[in-house]
Amino acid sequence: MTKQDYGRAFALWREAAAGPWRAYTQHSFVEQLGNGALPQTAYLHYLRQDYIFLFHFSRAWSLAAAKAATIDEMKAAIGTAHALTHVEMPLHVETCAAHGVSASELESTPEENENIAYTRFVLEAGYSGDFLDLMAALAPCVMGYGEIGLRLAGAHSPYSAWIETYAGKDYQRVCEQAGALIDNALNNRLGKDWQSSPRWPQLCKTFAAACSLEAAFWDMGLRAPQ
Amino acid sequence: MTKQDYGRAFALWREAAAGPWRAYTQHSFVEQLGNGALPQTAYLHYLRQDYIFLFHFSRAWSLAAAKAATIDEMKAAIGTAHALTHVEMPLHVETCAAHGVSASELESTPEENENIAYTRFVLEAGYSGDFLDLMAALAPCVMGYGEIGLRLAGAHSPYSAWIETYAGKDYQRVCEQAGALIDNALNNRLGKDWQSSPRWPQLCKTFAAACSLEAAFWDMGLRAPQ
Amino acid sequence: MTKQDYGRAFALWREAAAGPWRAYTQHSFVEQLGNGALPQTAYLHYLRQDYIFLFHFSRAWSLAAAKAATIDEMKAAIGTAHALTHVEMPLHVETCAAHGVSASELESTPEENENIAYTRFVLEAGYSGDFLDLMAALAPCVMGYGEIGLRLAGAHSPYSAWIETYAGKDYQRVCEQAGALIDNALNNRLGKDWQSSPRWPQLCKTFAAACSLEAAFWDMGLRAPQ
Amino acid sequence: MTKQDYGRAFALWREAAAGPWRAYTQHSFVEQLGNGALPQTAYLHYLRQDYIFLFHFSRAWSLAAAKAATIDEMKAAIGTAHALTHVEMPLHVETCAAHGVSASELESTPEENENIAYTRFVLEAGYSGDFLDLMAALAPCVMGYGEIGLRLAGAHSPYSAWIETYAGKDYQRVCEQAGALIDNALNNRLGKDWQSSPRWPQLCKTFAAACSLEAAFWDMGLRAPQ
């Protein structure tokens, strides 16, 4: 199985943004991760930018907690931010160290435009809008990595550790929980029939824009560092 | 006529918050404005706090512009903020000067807790929520003054200038425009049947809390300055 | 020892806001917690409002994480929000249950004006300002409870469990860490000589206003529930 | 004269970001505006994106008003937002109409990634930071157009109307006022010696990133529309 429905809203968002979703999740960078053709320099370029990305992504989940309407939403958002900052980011530092990139090099990496573009889009969607806008902007990252992991799982590639992280049960569960969080948030704010709300096409637009910005992030990965 | 429906949402909000609305719009401070029993010191206390209030209220309308979804919403919000800062606040300074309170005294007035309470509630509702949350928090101030003005219009009171400002056509038009802005914002975000959205009771709750904080603001006016 | 310096900035803030700090930390509600004179109804009133307070306080620490400039600031803020939502709030539910207040009663408690006033002031200070503004607004709560706990420690009171929680090593360490977080944040943003920055009197003003809003929160505790 | 110091901070920011500033203000798109080599399709592509840009730029100035510390800051920010939405945007609609792009085409233009990237960067800098962060992110746009206008003034080009708008006295005065607003905001928050504050290099970094995102915006202009 290569495609997982991580909740009802996600499946609909993905369908509505079919083009940008494909451009993002089947990007050449991703294919090369799977078949092993990706140059090590491109991978390291990506890893270094991804560290900065994780910092801003943790800020975005923290903002989601600030915008939560219920204790359950808040616990889910803070739990995610906590896992990102206390587990994922330290792991990322270790992974980079194993590839010869020191923590201080990581910290001093200049943030590139495509990295700025996606992270600030997510945060601004959250600040200017509400919890739902933030979720629509976050979802492509969370679930896209899950779907990519599942699709490439079992590949013989020097990047199989990366692949198996996202194909693994733990990460798949993160995606399912995010999907449930989003479905509940929609139900609680717009009612069961949220697809017929005028908010829905706007949320679909936010999701699609985020996919496009994710694809541009992979473009950056393939390019020489600035 | 003493009660005006400044739009569909406003009329429903007022109905749902009947108790807090009465506590606010028929507060003893208001009645004493109308029958002239209000001590001059209380009026000046109120005027000085109201100057600080207008500063934060202008910030709130500016935030509404930052959170607008359409150029029409943005123009309405910026137009209001512009009128507040470029017309109302300078007028307020003049009024206070006429009562012997200088501009520098006005600027140095310590902000009291009840003033902080309402203004920060409005701003925070906007920051954490979306445009609708902000409107529900702003509406009691905008429309409440309109209704109070209409009800007290023609009163023989040393405060009749204050009363006629809010009873006057210009201010009544501000209320009607705000009502239309709110109704359109609801239609565009939640659909024509916004009353059946789960957001609606939440918006009613925000409106009611704002009424209660407005009533506490009048309490402050009657109290000796801190 | 009854007074602890939880960092340089805190000690200076407390000194600059001596009056409001005393009004807050030596409030009659606090004294009655210590000598046991506090009616059980007042204590329960406070506990119920405090549950709502903790929800918004967790939002505020999450916002601090969103506004963090370094990974250390972010980890500290998220760590605090995580402890509040995953440990303190469940504990609070248990405490209330032991006093006969069920979880659903707790959830349905109407939020009172003084509760709104302080929590929204904190959040708005953070949204409109930066990390430092948020810290100045949060500090009175964090450190005030620490100082109250220390001062009342060992008291023979039906509320000694409450007192010992805040007098205890765990909570005292929370205060010290918050103090260090604040001092570092000041150093990193305004330089070692932050006391001579024009931001400093403004931060002192925010701290003092927060103390005054905390004192009003205790007033609420002594009053019959609305 | 081709280079204007629109205030002390601006001159220093420009100096510290020499490379990105040149990449932005002497971009091939700009040169082709001046020598008339720019294809009409590229110009129209730019105009259409710029309309969306102006919408978000107005939101950013509105946010600045929400984050203002004084009535003067607020009036300046609201005045700018008001001019943008009530004068510049309607003018933009007229200009586009004269080039055969209707208002409805303008409204339905899909926002491209580079447009998202700069506008959301500005807004997010403002939301997560304070008034100064927002100013550092806004300044490259405001002052860059002023400098470009001055440098290309008098050019024989089909785009001379565009050029003379920004070279003209009215726009130059906008730049000077923004420069004064920024210098005062720095003085009032960080003191006269703001260059030695740790905030300064961070503000320089924000300014430089914004220049780089502006250069990418011109790249977009030269590319075929998506």
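Each chain gets a letter, A, B, C and D, in the order it is written, and its residues are counted from 1.
Quick note on the criterion: contacts are C-beta pairs under 8 Å (C-beta built on N, C-alpha and C of every residue); 3 or more make two chains touch, one makes a residue touch a chain.
What you see is a predicted model, and the numbers here were worked out from it, not measured in a lab.
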*Going by the average position of its CA atoms, which chain sits the greatest distance from subunit C?*
D
_Pair of chains joined by more contacts [C-beta pairs], B-D or A-B_ = B-D
_Suppose each chain is reduced to the average of its Cα coordinates; what separation in Å results between subunit A and subunit D?_
30
*Geometric centre distance via CA averages, subunit D-subunit B, whole Å*: 34
*Distance from the mean Cα position of subunit B to that of subunit A, given in whole angstrom*: 42
*Send over the residues of subunit D in touch with two or more other chains.*
59, 66-67, 123, 127-128
*asked:* If we count contacts the way the header does, which residues on subunit D are in touch with subunit C in the complex?
replied: 66-67, 69, 127-130, 133, 187-191, 196-199, 202
*Any idea which subunit B residues touch subunit C in the complex?*
59, 111, 113-114, 116-117, 120-121, 123-125, 127-128, 209, 212-213, 216
*Hey, which residues of subunit A end up touching subunit C in the complex?*
55, 58-60, 62-63, 65-68, 71, 74-75, 77-79, 81-82, 85-86, 89, 123
